[in-house]
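The next part holds the structures, each set out as structure tokens.
Next come two complexes built around chain A: one with chain B, the other with chain C.
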Partner chain A sequence: METQIREPSHESFRANLPRRHVVSKIWRAVFRVSTVVGIVALILLILNICNRSFGYVAVESPFNLESQSLQGVPLEELPKEELLALLEENVSRGTFRRLDREKPFEQRSQEEVYVLLIAEVGEPKIVKTWTLYESLFQRARVFAQAQEEFPDAELRFRSWINWDFITSQLSSEVEKAGIRTAILGSLWTIAITILVAFPLGVGAAVYLEEYAGDNPINRLIQTNINNLAGVPSIIYGMLGLAIFVRSLAAITSGAAFGANGDTAANGRTILSAGLTLALLVLPLLIINAQESIRAVPNSLRQASYALGATKLQTVLAHVLPNAIPGILTGTILSISRAFGETAPLVVVGAATYITLDPSGPFSRFTTLPIQIYQWTSRPQDEYRHLAGAAILVLLILLLSLNAFAIILRNRYSRRF
Partner chain B sequence: MIIPGIQTTSPQANVSPNGRYAIEAHNLNVFYGNFRAVKNVDLPIQPQKVTAIIGPSGCGKSTVLRSFNRMNELVPTARTEGEVFFGGQNIYNPDVDPVEVRRRIGMVFQKPNPFPKSIYENVAWGARINGYQGNMDDLVEARLHQAALWDEVKDKLSQSGLSLSGGQQQRLCIARAIAIHPEIILMDEPASALDPISTLRIEELMHKLSKDYTIIIVTHNMQQAARVSDYTAFFTMDDDRAGMLVEYGRTNQIFTNPRDRRTEDYITGRFG
Partner chain C sequence: MEIQIDRELNSQADVSGAHLKEPLDLRRRARLLETLIESWLFFSGAISILTTMGIVYVLGRESLLFFASKQVSLLEFFTKTQWQPQIGHFGILPLLNATLLTTFFAMLIAIPLGMSVAIYLSEYASMRTRNLIKPILEILAGVPTVVYGYFALTFMTPLLRTIFGDNIVQIYNTASAGIVMGILILPLITSMSEDALSAVPRSLREAAYAMGATRLEVGIKIVVPAALSGIAAAVIVGISRAVGETMIVALAAGAGPNFTFNPFEAAETMTGHIVRISGGDISYATIDYNSLFAIALVLFFMTLSLNLISQRIVRHFREVYE
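Moving on, here comes the complex of A and B:
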């Protein structure tokens, strides 16, 4: 039986054509708008961070050293008791007690107290800060406000991100606070994460792709890895707390190796944090490495086997070298994620205020995102500028890590 | 099946196997899952000759070829029954190492697949992993000469194998295969992805190599089979789509005087 079909006609084609082009143009506009929205969001983010990281500050010295001389006696010749009284007047009671705890005042010489006084109160204090936007576009208002509210203060343009900020330790004083400890903590943690997660991830991916057969157990493992990649990071934090901090405290605190780590750390160490982040990125890394390995053409494996190569020789000489650019790309992404993680580290027990640089995997730690979080949650304005500067540092560090990995990747893939 | 010039193996020959044959499939069956791709194939291969396997698509030619060096095992669902005798031994015996089999039976694939390494390394790698002790430079040069590629690549040995043209790549793959001095070379439609001139050069090469090596070639191109081979095996599918050997004999006999009507239909283009 032959069915009658209508042949496609020129007329229907022509009638349709303009509409098809219009639809095509609309969609092109939609795609373009999505790109633009993304770029605008990114620019706003960077502007916002820069807005906080630079700007005018009003600096005031509450204690003008040059003019300070009591009854005609220069400051440095004052007796210790009077210097102490001056100190007590000009610093908070908490600071005064802290200084006393560090070294009781009775044991300090007059000269030491003088140096202390200069250090604690002689330094200019930031009394008011403005954002970059205000500093650039509302200068008149800034100047007027400074003149009115802080007549003694000197107005300066301050880049909150500067060399001192990067190289000094954390401090409760805004103008002295730095992020060296946090940077070192982040680098130590991420180094441990890479050292643990990269070999494990690549190894697992090689096993799953090249060795494991297609059986229910392996399918179950595969499904679970895929699901683990979607587990919220805070849950990894709980896991890290239970396993690395609590159960394996002997190892993660370094006691088992006789390392005299920070005794107060009892498991809440860089090692625990690095291992927790390694767990966090492992599923992502495995999935990505598997995909890269799967993308290696099968013809290469066959050529290798046909030459009498063993499985290991095939994997090492052909599969991995061809998969490594893809594996590195995935690693970059995973490590970037780990670098910016905050939640799991809070759970694992990042220290909120430490001034001691980490000296090894068994030290207590803080990381850049933790520090940023700390600062943003403070009520005072000044800390938000610190947070902005720290975010810039974090971004720069991330970008340089990525650039390094990209260079590495390009070097590998250029080998043919 | 009585074929002039070839004696069908007697049961005795199976007990003391493949004395005069380079390699010999006996009652070979290959399954992919539940599907039987190759059914009861007996195929003794003459040493130092070119044997062509021809037949329509899907008749199991490649599967038979790949069962000669246990490459089918790389397909997870594949299962092989029957025997393939090589060097006096069934290569499917549990105590036979497939790595050893593949070192002695080389393979060239349909699509040129040089390693993404240098031309030199493409040839040298197989020899190196198999523990070659001699001078590697000399070996690479000799094999590239044998593969009729030396003059074209001698100045760019450190360039990528992928920088060569398709025909050169395939000759590089042949150089790579003979670098480990196999006894048999399996070629799976080696010229099907190449232009006519490259094809011709591959065919010349096969002819030259057959002085030293036993060559088994799968081809879709009947002119090619007629040109290069000494023996031809014609495969087709039976009703349940399993590949089977229809006729096997000297090439000029198969092409001029086929005994089976199906062979005649196929080679005259009346295949239905």
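Moving on, here comes the complex of A and C:
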């Protein structure tokens, strides 16, 4: 009787088994492929950036100085009119007009025009760029194309990321443009962010973990912090624009302190940017610091109280020293988030084009991500290469920050 | 006699009180310092409340100014399909539509991929694979969004154009921005879902294995339902993140409001519009300036309610196992 009942179910179980195993295997493959897709995305991202950061460029001096001097008369001795004609021929009309506006050509001497000609035309110009992929795998095509389109040009392999790129300031010329101003701007802004956010964040975390009783106000603060962590960064930008840039312009532009900051900045300064970013990272920093403080075992606090220490003494001498590696790690991670933040700073009013290094909290600013944004949003290929190189610098900086945080965590974290 | 004794006792108490005077003073001073520092700590905590109040005040005030203007009516703001401040058309629908379109594409990528990776990590992967993949996801999450914007513009858009043809796919389009946004949100959904899946106790899995279930059946029929609240919360947080994401859409989705459902056309999202307009030289107290705050207010309410829903789901539907 019993076997009769078991037998059919057993059979259907058997019959189903291969199908179930096949389905299971198919889905395992799907899950695996998804994971691989995620990894491939990261690899593609990095390859794409490297692809634009290196590659062949065709460099051309449209005005070949040596061949000109071979025509009998050396270039320096040509009359001014001919030099002017050469200049007009070889620079764009806009540049020519700009030069005329700076100082009318009638007022310039022959020597001045000659210097101008050398500076504007004599410098080699990048006329065409190729990506790393093209440079490596389609070399023949690159060479043929260069030969055909730019017969006078010299083909060179260029690393867009190089020492000059990091140390020179912004320029409208692709060959000379660098990111020094942007890096300094980023560092200034982040310094202010840390100065403001770290004491406030640790203070709030200590308050919530050590002092706050379970009452409505404290619960509200806690919920509020969790909600603030989910507010889009651009909203913080709007807040910064209305409060720091507009309402507190007297303070953020430095006028209230008699600082002779850039008068054109009117509140759109490093100080405003730093404060905005500080508000942005504060919730993250508090949540991280709270976790580290919570991880300090209660026995330590009780031992301290038993010896007659006050609450403050307990916090300062026992809780914080034990929580500080975790707090620092959390701080570094929040700061690296602020370092890559772009949108709020665009809203707060980063300068679109400055070549002046920031000199203090009251200067106008640009930061590395903003520079990347501006270069990327230009349609010309050359700027995409510059943006790619700047992204490499940014990613290397961020990776080293994160690596530092991980080392800190592994080295000093204690387990109780 | 008794009274005398009492007095004696009192005087003794006085003497002992005088003796204790010094340590008592010390304690009082320490308490003063503690109150001072305690109030600083409370102030730090209260800053977060001030921030929220600041956001609500600023967005509310400027939006009120915007809606108080004669050019704008609240009804038109939510129903008109044109956003052209120059000629007085303020309908948020094209911007909202583009935001929803990019969010949809992001979720189309991020939800299936994120869930699959989470299930793979928690149910299938060995310890070694997990230790290899989790840092990769963390790196992916730590890349600044402007870099993703660059990726969308210089890789995803050309890819889409090669697949679908140059005349169908515009240089700026919402599909490319949405797909890359999905890659950005993938680590967020993965890590939140994975936490939820890992929190399901082993005993449930072992019971299912004992009944002869395959690995897939354990994963899909036992673990995922048990962790559903956490997964739903992850998805909603992901949507909220996608709605508020700015730099990818600012770079890759296009400039200029455009009411379209075609994902291969350029269309500007709410965040993209705010960034583009405020990035230029904008003068205060103009209707353009105020309109940005009205958009930001809508954005703020959208993300806030999504976040609140996500928190509520976690709190109310969480299965608690001992």
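Definition applied: the second predicted complex is superposed on the first by the 320 of 416 C-alpha atoms of A that agree within 3 Å, B and C clash if a C-alpha of one lies under 4 Å from a C-alpha of the other, contacts with A are read in each partner's own complex, and residues count from 1 in each chain.
Convention: contacts are C-beta pairs under 8 Å (C-beta built on N, C-alpha and C of every residue); 3 or more make two chains touch, one makes a residue touch a chain.
Computed from a prediction, not measured in an experiment: that's the story for all the values here.
Trainee: Evaluate whether chain B and chain C can sit on chain A together after superposition, giving fit or clash.
Mentor: Aligned through their shared chain, the two binders fit side by side on chain A.
Trainee: Counting residues of chain A in contact, which comes out ahead: chain B or chain C?
Mentor: C
Trainee: Quick one: is A:Thr310 in contact with chain B, with chain C, with both, or with neither? Answer first, second, both or neither.
Mentor: So A:Thr310 meets both chain B and chain C here.
Trainee: I'd like to know which partner A:His318 touches here: chain B for first, chain C for second, both or neither.
Mentor: Once the two structures are laid over each other on A, A:His318 reaches chain B alone.
Trainee: Touching A:Tyr211 in the superposition: chain B (first), chain C (second), both, neither?
Mentor: Only chain C; A:Tyr211 stays clear of chain B.
Trainee: Based on the superposed arrangement, let me know which partner A:Gly326 touches: chain B (first), chain C (second), both, or neither?
Mentor: neither
Trainee: Name the contact category of A:Arg301: first (chain B only), second (chain C only), both, or neither.
Mentor: first
Trainee: Classify the contacts of A:Ile39 with the two partner chains as first (chain B alone), second (chain C alone), both, or neither.
Mentor: The second partner, chain C, only.
Trainee: After the superposition, what is the least C-alpha distance between chain B and chain C in whole angstrom?
Mentor: 7
Trainee: Report, in rising order, the residues of chain A that make contact with chain B in one complex and with chain C in the other.
Mentor: The overlap between the chain B and chain C interfaces on chain A comprises residues 310, 313.
Trainee: Which of the residues in chain A end up touching chain B in this complex?
Mentor: Counting only chain A, the residues touching chain B are 213-214, 297, 299-310, 313, 317-318, 321-322, 416.
Trainee: In the complex formed with chain A, which residues of chain B make contact?
Mentor: The touching residues are 69, 71, 74, 76, 99-100, 102-104, 106-107, 109, 111, 113-118, 125-126, 129-130, 160-162, 173, 176-177, 179-180.
Trainee: Within their complex, state which residues of chain A touch chain C.
Mentor: Spelled out, the residues of chain A in touch with chain C are 13, 20-21, 23-24, 27-28, 30-35, 37-39, 41-42, 44-45, 48-49, 52, 199-204, 206-208, 211-212, 218, 220-221, 224-228, 230-239, 241-243, 246, 279, 282-283, 286, 310-313, 336-337, 339-343, 346-347, 349, 352, 369, 372-373, 376-377, 384, 387-388, 391, 394-395, 398-399, 402.
Trainee: Within the complex, which stretch of chain C touches chain A?
Mentor: 30-31, 33-34, 37-38, 40-49, 51-52, 54-55, 58-59, 62, 112-113, 116-117, 119-121, 124-125, 133, 136-137, 139-140, 142-151, 153-155, 183, 186-187, 190, 212, 214-217, 220, 237, 240-241, 243-247, 250-251, 271, 274-275, 278-279, 284, 292-293, 296, 299-300, 303-304, 306-308, 311
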